[in-house]
Each structure stands twice: as C-alpha cells, then as structure tokens.
C-alpha cells in the first residue's frame, strides 16, 4: 500500500534563523522524521506549499483539494499548520469521498527537540492505513472526522465539537 | 475509550549509567513520551516488569497473558523489547481473542535523542484504537498480525513472514 | 573561587510559545545548563533582566554596570544577546577595571536542541577563572577584549577589529 | 593560534548499536561538536585510537606522549575516557614540559542527547589557549594540574587530591 504525503508547511517545518532570530520555512523535515522513525512504508512525499496555516488562502486550499483528487493513491497524509487545520479538513471533506485523507501537524517545530511532531506523524501514518474512506484530523493521539473537530484555542488541544468547552 | 498500557522494558526504557558506562533500566519513560506527544487519550499505564526481552522467561510471558486477560479495558498497548516481541505476540495471540492488543518497541532508547520510540508509540496508540480484536505488532510504521510477523535479524526490520528474506 | 553569574536574556534563554508560535522569555536555563555540564564550580546566578539585546537600553546597561560594581565576587560571567553584546562590553570595559568579567551568549536558543550555548558557556566559565582583570567577550571558542571585538553581521561570527571583513 | 586535537576515544565518542544493543566506537564526533559550538578556532584534529580508557595500555599511552612530543603546535587538547584520564595525565606531565596540554572527556556519550561533552569541550578549548605550559585535566568546569587530580569513583567528579573524600 503506497501512501501519498502532501506537505503544506505549518509549525512542523518551522526553523530558527540564527541571523535575525525569526522563525521561517526552509525544507520539510518529513523524510528525516520518517527515517528517524525507521518507517518502512512505501511513501510518496510532495511539498505543495510551505506556509503558516494562518496565511493559507482559499486558492491554496483548492490546490490541496486538486492534488488529493488527482493523486492515484487512495491513502493520503497531509501535514498542516494547526491553526486552520479544521478549515482545510472541511473543504476536503465536502469535496472528496473516495479516499482516506488524514491531516496532522505539530504544536512545536520538529527541529526544536521537544516536538510532538514525531508522535503525531506516527499516529497519522497508522490511521491513514486502516481508517475507511473519509477526511480526518489526527492530533493528540486521537482521530476526528472532518465534520466533528475543533481546535480549542485556550488549551491548544483538538476536540470533538460536542466536547468543546465554550 | 480507555487504553490500558503494560510496560515490560526493552530498549524503549534503557538508560546509560554514567558511573559504570553500562545500560540499565530505571523507570519507564512512557508517561514522559505521552506528555511530549501531547497525547490526550485516557490511558492507564502499569509496569509489569523491566527486562531485556532476550531475558524474558515463559513465566514472565504468563504474567503478561494474565494481566491482559484480567484487564477490564478492551484496548491494550504493550511496550516490549524487539528481540522476542514476536514470541510474546504468539503466546498472547493464542490465548486472548476478545481484545485489541498491540505490541510496540524501539531500536534506540528514548533517552538517546535519536530514538524511533516516539514514532512507534504514536502509531501503536492509533492502531490499538481502531483495529479489530486480535494481537498485533506495530513497528516501522506498519502493523502485523501476531501469526504473520518476524524480526529480520540482519536489517532490524519487522516483516510479514512471506516477505522475510531467508 | 566563587563566580557571580548575571543573566540578561538574549537568544540563550528564548523559548517557543506553542499557543501563538512566537518566541518569548520565561525563565533562564542557566542552572539547567550548568547541571547538564556537571559543573561543580561555586556559582551565584542572578537574573538582572530578560530582554532581547536589541531592546536593551542605556538604563539597562547601567543596571549591569552597577551590579558588577557592587558584586563582592571578582569573577563575573554575563549571559547576553549577541546583537549588542559588544556595546555592553564597552560600557563595562570603560567603567570597571578591578574584576574579570566575561560576556557570552548563543546564536540558537538552548531549548532548540542544536544550540551553541553549552559550548559557549563552557568556554566562558573557563576564561572567567583564568584571565586577568578586564572585560571580555567569549564566543566561537575565542576570547576578545572589550575594545577589540565586533560581531560580523553577515557571518554571525565575532571577530577582532583588525580582522573584520568590511 | 592553531590547536592540535588528539582523539583517543572514551565515553565522548561511544555510540549505541541498534543491532545488538551494545555500546561501541565508530567515528569521533569532535568535528560535529565543534561545528555545533560554532567554534572558529584553527584546529587540527587527529584520531590516535578509539578505546575505552579502562583498556588503554602503557603502549597506547606512549603513542600519546610521542604524538604530543612531535606535534608542532604548542597547544594540545586530548579527548580521553574519564576512568584513567589521571593516569595518562601523569605520564604526559612527567614527559612533556614545553607545551600546554589539556585532557577532557565526558560522563555521557555525546550522541545520547544529555551529554556533558559540549560543555567540557568548550571549557577545555578555553583553558588550552590561555594556561601556561603544563599538563591539565579540564572536567566539571574546573581545571586541575596533572599532579593534583583524582576522579572520585563514588561521585564521578574530578577533585584536587587534598579535597578527595577518602
């Protein structure tokens, strides 16, 4: 089973620029992370964009939809910033029904040593292999369907809609 | 959904003793790893033993079987050394049929910085939630049923029996 | 020999805020770094401020001068952002002559895993013990007197004035 | 000022073999550590041997003496296992008087993430530049002359002879 991986940026791939002290995107760390995890699945990674998800536009989301639609693989993992992950999941969930698509991300950049990214990537790679067709978000060890998930801005945690503390 | 976690030791939890330069077991790092992964699942961890899996005896394996049998949770994750993980999986697979049990481990100790452990833990936590009742090994991003898996001693990789290079 | 340590902030102590994705100061990591280095010197650390050195004011520098003047210890190490480290060194160099004062810092935050901070701290702790009275900057394994050092903005490297590529 | 670096092995350079779970030596991590520390000193590293210092023989120590004698550099840093570091320092101290030689090491391997190695290397690189001719051990942020130092086996700490708790 081949798994298509689409990379869109997000905290996952942010780095620290020692010249100006700012965070920026260079290359994705996904292949490095899969190597660290000794992942032996057949994967086909492709970088679609490298953006902070707060700056992701409708046009950007259409690119993601289009790429998922065109992909010949039936299992697709997408790395994405957490701030608007639920928005992209909704756009995908309404548009695509014949594939298993899992979005995941990180609260701390992979390069910063104390990242949750490797754990999330491991869980997302597992969910994408076994879940039925549909669009999901894998965060905090959990998996949510696209139409029942929200990031709790206070805790930074993803929750089912019915559980969100308002 | 509550997930029972049984800890048996293995490379996962090995540490370096700076007094004598030897590897040893102190406490499990599992709670620390789940915290790093910002895992928000309801878990109930319990250390059954702290052994190198090459030294795990039949009696040790009976303790694991017994604890899995008694556990009220239907989803059980077991951390285990990789050298005899397949043996314990077979013992469990023959004895228990009404629960989802996933064994996982690591090639590099968690404390050594470059461990595959967090990735494996993420994937195992995902598999244990969604797979049907049965006994599985989750390693290298993949999941194998207990009766179709073997560690390839040359590559250190887990493989389905039909794929093992002999 | 007791060594007084004054902490002023800088990249050394920056952390990543996972709520808003910004860098910020919380507490100093100096005691943690000294513990990691198994440093057994008698030290007396005190946080004077927690600022980005680009935002350090003349008034802030007067606080540093005053604290160094008042300190009963003759050996003082100061952690400082690299962007204006040479400015603070000059102010100190002109004001204080009866103590050994060494400023050091980092290009990458300590918490980001790939920091030069621990190496710099080790060298600064050594220089401050053995150099004659005066004010110095310890960076890149080297040590410079306060009146003969400049940060090369292109390379991020500290250099003697005569060597600076202009 | 060029600094000659001689590498002899020790905990510094130990690695974990994920095939058999044993510690072993592959290549030195010294260049990687100097790069991480953004060290810009002119250095000439050379690996003399890769041994656990408990297994270092008199013949091995003669190689170290000979190499230090022949080296054209006047400043020499030696990485060494901590268990017999004081023995090699004594051999060197009796044989060589016209150079500044500093031995250093680590309690935890560099590759294990929580090593004291980078701190020790930073301090040793500083001491070797500024101390008068002689043979020294740099550990725990301190520096000892070859004839007044002993590793305390209980605490793992290096101490002046007069301070050793017997």
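Per-chain residue numbering starts at 1, and chain names A, B, C and D are given in the order in which the chains are listed.
What we mean here is this: a contact is a pair of C-beta atoms (placed from the backbone, for glycine too) under 8 Å apart; a residue touches a chain by one contact, two chains touch by 3 or more.
Everything numeric here is computed off the predicted structure, so don't read it as measured data.
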Contacts common to chain A and chain B (chain labels): none
Most distant chain from chain C, judged by the mean position of its C-alpha atoms: B
Euclidean distance of C-alpha centroids - chain A vs chain D, Å: 45
Chain C-chain D separation of Cα centroids, rounded to whole Å: 26
Inter-centroid spacing, chain C versus chain A (mean Cα positions, whole Å): 39
Residues within chain B bordering two or more other chains: 107, 114, 156
Touch relationships between chains, expressed as pairs: A-B, A-C, B-D, C-D
Contact set on chain B toward chain A in their complex: 33-34, 36-41, 107, 114-116, 118-127, 129-131, 138-143, 156-157
Touch list for chain B against partner chain D, complex: 11, 14, 16, 18-19, 21, 23, 52, 107-109, 111-114, 156
